[in-house]
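Shown below is the structure under consideration.
For reference, chains read A, B, C, D, E and F in written order, and residue numbers begin at 1 within each chain.
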Amino acid sequence: MASDFRLKEQLPRLTDRIVATYKCAGAVHYLGHCPLPNYDEIIECVADLKDILYPGYRRREGLHIGNVTYHVGDIIDGLHDKLTRQIARALQHDDRVNGGNTCDPETDYEAKGQAMAIAFLERIPYLREILGTDARAAYDGDPACRSIDEVVFCYPGLEAITVHRIAHEMRKLGVPFIPRMMSEWSHKQTGIDIHPGAIIGHHFFIDHGTGVVVGETCEIGNNVKLYQGVTLGALSFATDDDGNLVRGHKRHPTLEDGVVIYANATVLGGRTVVGHHSVIGSSVWLTHSVEPHTTVVMEKPKLRIRAEVPDELKPELNYQI
Amino acid sequence: MASDFRLKEQLPRLTDRIVATYKCAGAVHYLGHCPLPNYDEIIECVADLKDILYPGYRRREGLHIGNVTYHVGDIIDGLHDKLTRQIARALQHDDRVNGGNTCDPETDYEAKGQAMAIAFLERIPYLREILGTDARAAYDGDPACRSIDEVVFCYPGLEAITVHRIAHEMRKLGVPFIPRMMSEWSHKQTGIDIHPGAIIGHHFFIDHGTGVVVGETCEIGNNVKLYQGVTLGALSFATDDDGNLVRGHKRHPTLEDGVVIYANATVLGGRTVVGHHSVIGSSVWLTHSVEPHTTVVMEKPKLRIRAEVPDELKPELNYQI
Amino acid sequence: MASDFRLKEQLPRLTDRIVATYKCAGAVHYLGHCPLPNYDEIIECVADLKDILYPGYRRREGLHIGNVTYHVGDIIDGLHDKLTRQIARALQHDDRVNGGNTCDPETDYEAKGQAMAIAFLERIPYLREILGTDARAAYDGDPACRSIDEVVFCYPGLEAITVHRIAHEMRKLGVPFIPRMMSEWSHKQTGIDIHPGAIIGHHFFIDHGTGVVVGETCEIGNNVKLYQGVTLGALSFATDDDGNLVRGHKRHPTLEDGVVIYANATVLGGRTVVGHHSVIGSSVWLTHSVEPHTTVVMEKPKLRIRAEVPDELKPELNYQI
Amino acid sequence: MASDFRLKEQLPRLTDRIVATYKCAGAVHYLGHCPLPNYDEIIECVADLKDILYPGYRRREGLHIGNVTYHVGDIIDGLHDKLTRQIARALQHDDRVNGGNTCDPETDYEAKGQAMAIAFLERIPYLREILGTDARAAYDGDPACRSIDEVVFCYPGLEAITVHRIAHEMRKLGVPFIPRMMSEWSHKQTGIDIHPGAIIGHHFFIDHGTGVVVGETCEIGNNVKLYQGVTLGALSFATDDDGNLVRGHKRHPTLEDGVVIYANATVLGGRTVVGHHSVIGSSVWLTHSVEPHTTVVMEKPKLRIRAEVPDELKPELNYQI
Amino acid sequence: MASDFRLKEQLPRLTDRIVATYKCAGAVHYLGHCPLPNYDEIIECVADLKDILYPGYRRREGLHIGNVTYHVGDIIDGLHDKLTRQIARALQHDDRVNGGNTCDPETDYEAKGQAMAIAFLERIPYLREILGTDARAAYDGDPACRSIDEVVFCYPGLEAITVHRIAHEMRKLGVPFIPRMMSEWSHKQTGIDIHPGAIIGHHFFIDHGTGVVVGETCEIGNNVKLYQGVTLGALSFATDDDGNLVRGHKRHPTLEDGVVIYANATVLGGRTVVGHHSVIGSSVWLTHSVEPHTTVVMEKPKLRIRAEVPDELKPELNYQI
Amino acid sequence: MASDFRLKEQLPRLTDRIVATYKCAGAVHYLGHCPLPNYDEIIECVADLKDILYPGYRRREGLHIGNVTYHVGDIIDGLHDKLTRQIARALQHDDRVNGGNTCDPETDYEAKGQAMAIAFLERIPYLREILGTDARAAYDGDPACRSIDEVVFCYPGLEAITVHRIAHEMRKLGVPFIPRMMSEWSHKQTGIDIHPGAIIGHHFFIDHGTGVVVGETCEIGNNVKLYQGVTLGALSFATDDDGNLVRGHKRHPTLEDGVVIYANATVLGGRTVVGHHSVIGSSVWLTHSVEPHTTVVMEKPKLRIRAEVPDELKPELNYQI
């Protein structure tokens, strides 16, 4: 009972066939000498940032006010180096994409990366402040929640907004590519997909969160609350005369302060504005603007209610134990 | 091409600014000397428990009836120590949260933790029994499924109910915080969010599962089946005279035995009871009770069907290869 | 403050009680001497395959056309061994499940496994070609996307279709169990649940993706695009005279070329065919066929819009900072 | 400041040149399809065995008499599988070496390996007993030692004799290759090089140990003590008529019961017998037998003692601080 | 070709036989409820200390004077916790060994451990100072050495004296057991065996080092240099009336300032004093005191030099290539 | 039972005191912005090189002539990058040491590093050839050895000469620092200390090896064999007028072809030449040259042999079991 070693002799030929596909025009690969940003190091940066934004919760136990300065100082220093390196790579990549596949040998990407890294790190006190409002909003908004510590440990909504605010600040500074890598990592962790371009006010809370989508050009005010499955999306995409997508214009809705959107509701369109302190009910599908202080719920849903279960809808089996 | 080391000189000043934010009133941090439950060790406990609940599937190959006693005995012993330690931390944290930020030096948290740990471990034979019914329900309920082994390996629904039943038993014993850490870990893995407080009968099956939310005060009978995207949620939250949320009262629906709820349906409200052997159709939005043996489906959905596709809805490009 | 060692004396008795549950008829365990496919090694195979399908993006930096042959050849060789071993295990497991719990000592599973492994590896150039169309479709279909590299790095839809195409090829070759392990791993990563049985044409794109379900017997044409939360599911399940599910017949819909289905729409039933170049709007619930070039959207949704927010729907608190 | 990618173009040619050297007659490589014993798994077996031989000291804390059975039973089971697999490989390798580079397809190496693995495991109670005498001898023989626990944790001599006794039992059972892999690993750890062939009585103690060499055909009685740097070696090697070494005959000395050999002494020759209860002094060089109860020390060493230090022997610098 | 599962049925019986040996009087095991110091954590402390003593060389790149405070402060804080915990365990173990196998429930080992941990950490500036002299002595003493950095990276002698000075300070503070664990770890790394009890002056240098043994009661002055294979040992051991070893009195020699001892020399005995600025030649065997400024070399070694090589000493083969 | 948190308040002050020691003149640290060669990556290079020099033995199983090209090509490519990077760092460090603590911003270290890296890799076929003679010499020289595979797996002498030949080639190319890092790593593994500067002919064999020292300026012919504890050292060191060591001139002996040196012999001095085919006996101490074909053994060693063992030399205890 063993594999036949002569059959393996075909593998080199197969290797050649695979490599041949790398040489086709338009093939998908990243073969060349400009390195891409390194995924693992970027995720490590996110973990480092979370250690600073929420000190004492995860990787390091036993922090107290007497030693936390050392801890933070040590992490900040490492972050400076990692971010400088990765942003430099991202800038180089961006030039390459935009400039026809070569990277400009004259540009000092490292220096540019460092400037952006430091500018970003300077935003940490602001991030601490605004994320504090998000944690508070989660605690105040969920009757099942027992403490702020539970929010930090157990709320995917806080995880998602934390990574979003990091990614969004980077994007505002002009860092290419990396914000999307971060947001997609967060999407994988939480099921919440917020594009780094979205502008979001303070005291933002997403409950449960799986399936939430917040598009690139959304603008969200303060004190907004979303439930699982909410989509803030585009109605349709504009194309130019050649049929190519027009990238970058406002395609996603605006939510003003104090808006609440319940589970699985869908709000679409770049001109759609949900006025402040409005409430959008569960499963509503909304493509136009509503005034402030408006409630939108599904028309008393038309349900067919029959006093029996037809055979084809019956559960397969019912068990007794 | 290198970063400028003089620019790094600003980092210590930045560190000080960040640390200053830890000292603000109401700041989010966990700086102090009572340790929180350790996330990694708790997740390790879940993995240990799965090894006992489903022996032979994952971490250890080659188990058979002759050696499994050693394996289980070795794991149980380690679990006793880990659970004792972590429950003690959780109890201490709970006292701190409730008692104004100090932990009671008189309380023997370790002894309390051990008592709860042992009481929990005693529930494992029961967990084996009831999870066996869940695995069976999955196999019988999915025509695409080939074997019970496939259920154990490949069904996120079984993963979610397994962690839920573990977390729920802990919560019943009064263990704070840890059940939520476990359920959130499971949510991250499966996209299924079941609060540890939910009461769920035997032969429970969630198919596909992404986006399912089961709230804290749900009561679910036996032989119930849910599909992806189902929300069993609250209608609205009661507040007391100060405008603070009232925590703990029944806010989520009751499903009696034999209920089936199809994909993306939403059932809301603490007084909503779905009578036994009823079927709730896909995408239904239900906020009131229904009798046993009832079928609820969307009214023949009013769709606008046009024999053309307007330009703005057309896919961007259609390719030929 | 310490745990009481005498209390631990109950643990051996508990171990015996747990092990007793393994001996019950119908108990869920995998105790025996035929090994299951190894989950970790299968996931490693997926990672190896992604390195070949998208060279240069992830695990190995610095690949270029001069060295990539070595890299691919080295991986292919290892893949041959791992796949041979794991497919042999899966075949053995399959015989055991079908043949009453013993594995046939006469069968040379290793040789069969090798034949399937090589046949699968021969499909890699084809997979490269068709996945190239999927990456292209994602780039062309999302105005927020800046480069093909971003698609490979940041699009869960590409991740999902990549694993699906791998798993589907394996299933076509008759490999049991492993395709489902792969697809469930992908489901966990992306929130997109595509059954390995589904047949999917070229230029396929899923945007955002969380909550998408594509059933076992779906048939999907070329140039199809799905958004998050789309379900392509079964209407109900046929049972035989004994009440057991009939497994394997067509239960899920067919989408012809160029179909677009927007977020959270649900299309159900094995006889439902969505004609080519049709568009199904967001949240539509469709259980019957539509002609080619048809647009289906929700009837101007009946919403109740009130110029106030009732107390019970008001957000708990609105903050100022 | 970057490397020149064109220079890398020479690497494929270099690869070819290197691979060409693998094809030369007599080249050192292990290219083929019979696997060698796996070094890492063998070292893991040694670690497992130490956990059983000295329970509670290293990898697992918190063992007590109530749980140790599970721990040992679990390890023994795993050891059975690993040893079976590795001994099978070693037997196969041995046949290949002896039989002209092919391994016999008729032989059931796995079955032979299992028989040897079980026979070896049956020797563990004996190993426990005799290693207990070695630990005792270390404690009684070193005035700097505070407890038996210190011996187990901190004495390289015990480490070396432990691995030796394991390897020696295996060799007695006819296991090829693996005993040498184990002894060399121990040599690397401790600087003590004992060939698995050496026969050693109970209550054996090596103090400090670095540089000790005990040859393949040594015979050592009970209650023997060696210090660092002791060599028990061969005088010279017999060759056959073709000038090849004669392998296997007795080339190393015999030490009878109660012998003590002080640091850096050298005892050579297969016919050299050190009679019982003799003492060999530090740095002695002995190539002939001595009677029982004999003391052998260096002749009052002839030292040249001068009341000055010539310039060329002076230390380079003398510092004050 | 497979192992026979029925043969494995003997393993549980074997497990019982092994466990039975744990219950014998005098058996070597550590079964019980007082934990031993944890080997891995102690080695981690050594690594942490080396990071502080030689900042910038190993685990962390990119340290500079601007960030090193954070780095050191963060490590010191963790060291405090680890050392407190491990010293507490060691004290508890010590009481148990001395007090008849129980640990005193009244003693606050943790508090004692903390006091010792802090007292030890206070010695770090002193350790920095004196180890600086050792590094200097190595650089000045080896003509093959190019820089101080090479000393820190590549000199096992510096590694050995570093760990010795750490362990010795701990021992002076009364910490039991742990200093020996540290010194044995260093012995394993370097082949240099210095007992933590040895007293050693500044500017100490061991070149090459393998096989060096420095006994517990050695006293070594300043500016001393040893070469590989040097033994500073005991002549013989005193026993009390019961024949038990007398532990603790001075058994090893004294070397005064400026002494140099060349390779493989042996100096023995507690009353042996090598006077300051003396030189002991290679391979000398010395058991009595010598005056200051004395040179001791082997008497012009009596060698037998024959103008031929007898057959039995000839190398086996001489090759041409 | 807990540590006192107020005591920890002294730690920041201690941190400051430690950091102050980094600022002292002549303090040992590596604080600054030129990175040192990275120890871990250099050791990884050694492991990669061993995979190429002895393919199929260690890290990768299942290599055969059909796939080994891919494996080697993949490793070579990675080695090019790692060596380029590390040699650049070493060159930069060297300039810094020689040039007064700054590294030259004009020098393109990376380009220099690449040139050296490629020149080194070109030497691999030569290394394969000469190491093949060493493996052969070990097999032919040890009657206890069963196969060449055993040599590769189990002979520290081969390990040591392998790393030496790698390090020596690098040194010949002018690579600073790294050769010493490699040789010291090998010293730690094997107890054999060969300076990278030593020149060694083909068919070199060190048996057992612990304690062997081969100095920087040794010259060793072909077919030479050393046993454990052999020192090829310097007699004394020349100093210049300032009392500083003269670095670099020949201080260590020359061994001509076919010389054998038995255990613990010492040969010293830069002018000492051991003529070809001479044999130096165990423990001989030689500081002058000998003619070819000479045998040097210790004068019939003057031993004092007494027919009794004085009390002070008696082993402590003799046991019966």
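The working rule: contacts are C-beta pairs under 8 Å (C-beta built on N, C-alpha and C of every residue); 3 or more make two chains touch, one makes a residue touch a chain.
A quick note: this is a predicted structure, and the numbers were derived from the prediction, not measured.
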item: Intersection of the contact lists for subunit B and subunit D; value: C, E
item: Chain pair with more C-beta contacts, A-B versus B-E; value: A-B
item: Proportion of interface numbers common to subunit D and subunit E (over half same, under half different); value: different
item: Euclidean distance of C-alpha centroids - subunit A vs subunit E, Å; value: 53
item: Inter-centroid spacing, subunit F versus subunit E (mean Cα positions, whole Å); value: 22
item: Sites on subunit D at which at least two other chains make contact; value: 1, 5, 8, 11-12, 15, 33, 62, 64, 67, 69-70, 72-73, 76-77, 81, 129, 136, 140-141, 191, 210-211, 229, 237, 245, 264, 283, 298, 313, 316-317
item: Chain pairs that touch, as defined at the top of this document; value: A-B, A-C, A-E, A-F, B-C, B-D, B-E, C-D, C-F, D-E, D-F, E-F
item: List of subunit D residues in touch with subunit B within their complex; value: 1, 62, 67, 69-74, 76-78, 81
item: Residue ranges of subunit B touching subunit A (in the complex, touch as defined); value: 1-4, 7-8, 10-12, 14-23, 26-33, 35-36, 38-39, 93-94, 97, 129, 133, 136-137, 140-141, 176-177, 180-181, 183-184, 187-188, 191, 193, 195, 197, 202-203, 210-211, 213, 215-216, 222-223, 225, 229, 231, 233-234, 237, 244-248, 251, 257-258, 260, 264, 266, 268, 277-279, 281, 283-286, 290-291, 293-300, 312-313, 316-317
item: Subunit D - residues contacting subunit C, complex; value: 5, 8-9, 11-12, 15, 64, 66-67, 70
item: Residues of subunit D defined as touching subunit E within the complex; value: 52, 54-58, 61-65, 68-69, 72-73, 76-77, 80-81, 84, 108-111, 113-115, 118, 121-122, 124-125, 128-129, 131-132, 135-136, 140-150, 152-156, 189-191, 208, 210-211, 227-229, 235-237, 239, 243, 245, 263-264, 282-283, 298, 301-310, 313-319, 321
